[in-house]
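Let me give you the structure first, and then I'll get to my questions.
A, B and C are the chain letters, set down in written order, and residue numbers restart from 1 in every chain.
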Amino acid sequence: MSLLLEVEDLDKRFGGLHVTRAVSFRLAAGDRLALIGPNGAGKTTLVNQVSGVLRSDAGRIRLCGEDVTRLDQARRVRMGLARTFQITTLAPHLPVQRQVEMALFEREGLSARAWRSIDAYPHLQDEARSLLARFGLLAHAATPTQDLAYGEQRLIEMALALALRPKVLLLDEPMAGVPKGDGARLLSALDALPKDLGVLIIEHDMDLVFRFANRILVLAEGAVLASGTPEQIRSDPKVRAAYLGHSS
Amino acid sequence: MNTQSVLTTQATPEAAAQAQPRCASPWLAPAILLAAGALACLMLPDQLGLLTRIFVTALLVLSLDLVVGIAGLATLGHAAMFGVGAYAAGIFALKVMPEPLLGLAVGVVAGAALALASGAFLLRYQGFTFLMLTVAVAQIVLSLAQKARGWTGADDGLSGFGIDPLFGRFAFDLEGRVAAWYALAVLVLVLHLLSRLVNSPFGLAVRGIHENRARMAALGTPIYVRLLTMYTIAGAVAGAAGALSAQTNAVVGLDSLSFGLSAEILVMLILGGAGRLYGAVIGTVVFTLLHHTAASINPYHWLFVVGFLLMGVVLVPPARLLGFVRRRMGALQ
Amino acid sequence: MAYGMVLFVIAVGLSITLGLMRFVNLSHGAFAMVGGYCAALLVREAQWNFWVAVPAAVALTAALGAVLEASVFRHLYRRKELEQVLFTIGLSFVLIATTNALAGPQVQLIPLPPALAGPIDLGWRTLPAQRLLVIGAGLGIAALAAWVVAYTRFGIWLRAAVDHGGTASSLGIPIRVVQCASFAAGAGLAGLGGILGAELMPLEPYYALKYLVLVLVVVSVGGMGSIAGSLVAAVALGLIETASKYLASDWGSLFFFVAMAFLLAWRPNGLLKR
């Protein structure tokens, strides 16, 4: 069982605010680790640190055995670490298919090519279209992303991350803003994620968490409150007191 | 409320299978431009000087479109690359040899070099800071040009150089015929090259950076390198425009480095629409013709026209206006 | 020193506007021009008393600023920088053309009352009274602005709005009032600067754009929204400009802009901000 991601004693302060306190966890191939905790616990900050958007003050991050703590986000992505954003982060005017192709060009290292048209790479276009088809977005291939429904934009977020064929995927509240009951396509996309992928997911919806995750990490005030299997977490009195009191 | 509305968008079944984005051909716009430009040169033989100026300026505004329209970097210092290209070509003609195509190459290299050097510094910043720094850099170049009297002639300008016949055969005549065709040819060729550039994976990546940097970083794009490359290419094109200007006018002045020029070309670009390359050409034509007619009446009235046009263009972007018109036409049918 | 003070008085309004509304207003120079022109015309054509005309001109300019802010500018706050730049440049063009249409292209002089026309002996130097007034006014305005920001309710609102724009309105701060009032104040101050600096920076229709670059330098180096920063930057740049005029005039503007580039690069958020 290969270790994809090792986070050791990760620490971060914003001035006087200690937002991440010596957080450690591991992600192996096939893991579905859910990161839960009350609002303000520092979940997104932690993901930002792991993905490279934020510089950590202390601690180590190892991706497939290599130390990436000092590397910038782009470098970590190229090494196999992909993420989605809680607030949809898409290029608003680009058509959906172009956005996926952009991810593919980047993955293949072709984004420096300046002579041939983007239409002249049929194998990548086919891959983009089949990825869109898997997400049920093929009908909107030529639509600018800002013209799509919100739920579909969330799907594109996930599609872009998967287009990169990452080894580790960080999902920051993929269901954010999608009303309960409307998320069927997103849920099936989550279920259909590659089996050997290591996934860390931030979520508030407890039903989803207990259904999807094989391990749970509970964060409160920047520190790890508890970690273990869903059953362990469900019966942990500390967690019940701090968090599971507000059941959804 | 329709519970399906969050997750699905309306799309007709026919559209489903066909929907696929396609890029325009990189031959179309240049072909149209060549035809229009050639027609203008043939039908208006006494306006060749004006036409040459339009072609050269359009080339400069095209280079600005790469930076502003494609890469999304608002700059008020772009004239620096133009001026540097102009002075480099002029000095080359004066002190080394008056061969036009080599001079053009010298201008290209000079513009690219300045863009590379300044961009390496500038692109570490964004937004208002970047804008102000472009002003600072351009003003520094202007001050250096003023200082270097021996090379640039400072306020008197650089002159006294001739240009050899193009390809050894076509001498630059007094009516300006060769100059006009020369400028048009370079403009059309560059428009074709840039059309290819913008529709390439590199161009797509830069457009992505323009629209959402965070998204591109999350895809692993080396943002700084891509932007610097685009900025350097833009500098090369601006330098080419400068060289053409020097060669067709046989004089280079300090106004080719001025803040006023940087602002003017920005206005031209916006009038024609930024981000689509051909908009740069359209904007240049519109602006220059307006200026030509209005300024001869009263230079201040000219400012009225441009001022209102600018405010109008910002309040009602042409793209939105076009979309509005298109929807109206659709409703009529 | 006087030059720097004039720059400060003009720039402080733009700095607040940039810090508060993130609105790049390149027509700010036009407010200075309008203020100067109003004063010049009121004193010369309408024969008003200098000491009445100046506040009236400042008030008129402030009113113009308020009107523009409430009717047009506020709709542009959420637009991109480039669009704000283009719109305000367009507005400057229109104002320049209007000024020319109304008052002609020649330089406008503001006749000074006898009290200000002569020199004043300070003991170690004699300075023209007008220069002293400028320096005094600059310092006075800096002090007044600092006092307003630090000690009045409006000042608290202003600081909250600048530092935490998003949440300020939910705290019960009347954001629109703060925005419009500070914009008007900035415009009025710019007008005052135009009046005070009429000797150093002659009033003619192109004034709106001619000195814009200098004002932008002061604001960007001093930091958007920082009054103290603008003061320091303006004085520093004023001194550099005067010093380089004495040393070697050619290197003057070069040094000026190298300093600007260096300072901006070192402290992108301005001299005194962190």
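The criterion applied here is as follows: a residue touches a chain if its C-beta (ideal position, glycine included) is under 8 Å from a C-beta of that chain, and two chains touch if they have at least 3 such contacts.
In this text the structure is predicted, and so the values were computed from the model without any measurement.
**Q** Need the graph distance between subunit B and subunit C over the touch network, please.
**A** So the least number of steps between the two chains is 1.
**Q** Between what two chains do the most C-beta pairs come into contact?
**A** A-B
**Q** Using C-alpha centroids, which chain lies at the maximum separation from subunit C?
**A** A
**Q** Go ahead and note the Å separation of the Cα centroids belonging to subunit B and subunit C.
**A** It comes to 33 Å between the two C-alpha centres.
**Q** Rounded to a whole Å, what is the gap between the Cα centroids of subunit A and subunit C?
**A** Comparing mean C-alpha positions, subunit C is 48 Å from subunit A.
**Q** Any idea how many Å lie between the Cα centroids of subunit A and subunit B?
**A** Averaging C-alpha atoms per chain gives centres 40 Å apart.
**Q** By the touch rule stated above, which residues of subunit C touch at least two different other chains?
**A** none
**Q** Mind listing the subunit B positions that touch subunit C in their complex?
**A** So the residues of subunit B touching subunit C come out as 68, 74, 76, 121, 124-125, 127-129, 131-133, 135-137, 139-140, 143-144, 146-147, 259, 263, 266-267, 270, 300-301, 303-304, 306-311, 313-315.
**Q** Quick one: in the complex, what on subunit A touches subunit B?
**A** Those in contact with subunit B are residues 51, 53, 73-75, 77-78, 82-83, 85, 89-95, 97-99, 101-103, 105-107, 110-119, 121, 129, 138-143, 147-152, 160-161, 164, 178-179, 181-185.
**Q** Where on subunit C does subunit B make contact in their complex?
**A** Against subunit B, subunit C makes touches at 18, 24, 76, 79-83, 85-87, 89-98, 100-101, 105, 205, 213, 216-217, 220, 224, 250-251, 253-254, 256-258, 260-261, 264-265, 268.
**Q** So in the complex, which bits of subunit B are touching subunit A?
**A** It is residues 3-9, 11, 15-16, 19-23, 26, 196-197, 199-205, 207-208, 211-212, 214-215, 217-223, 226, 229 of subunit B that touch subunit A.
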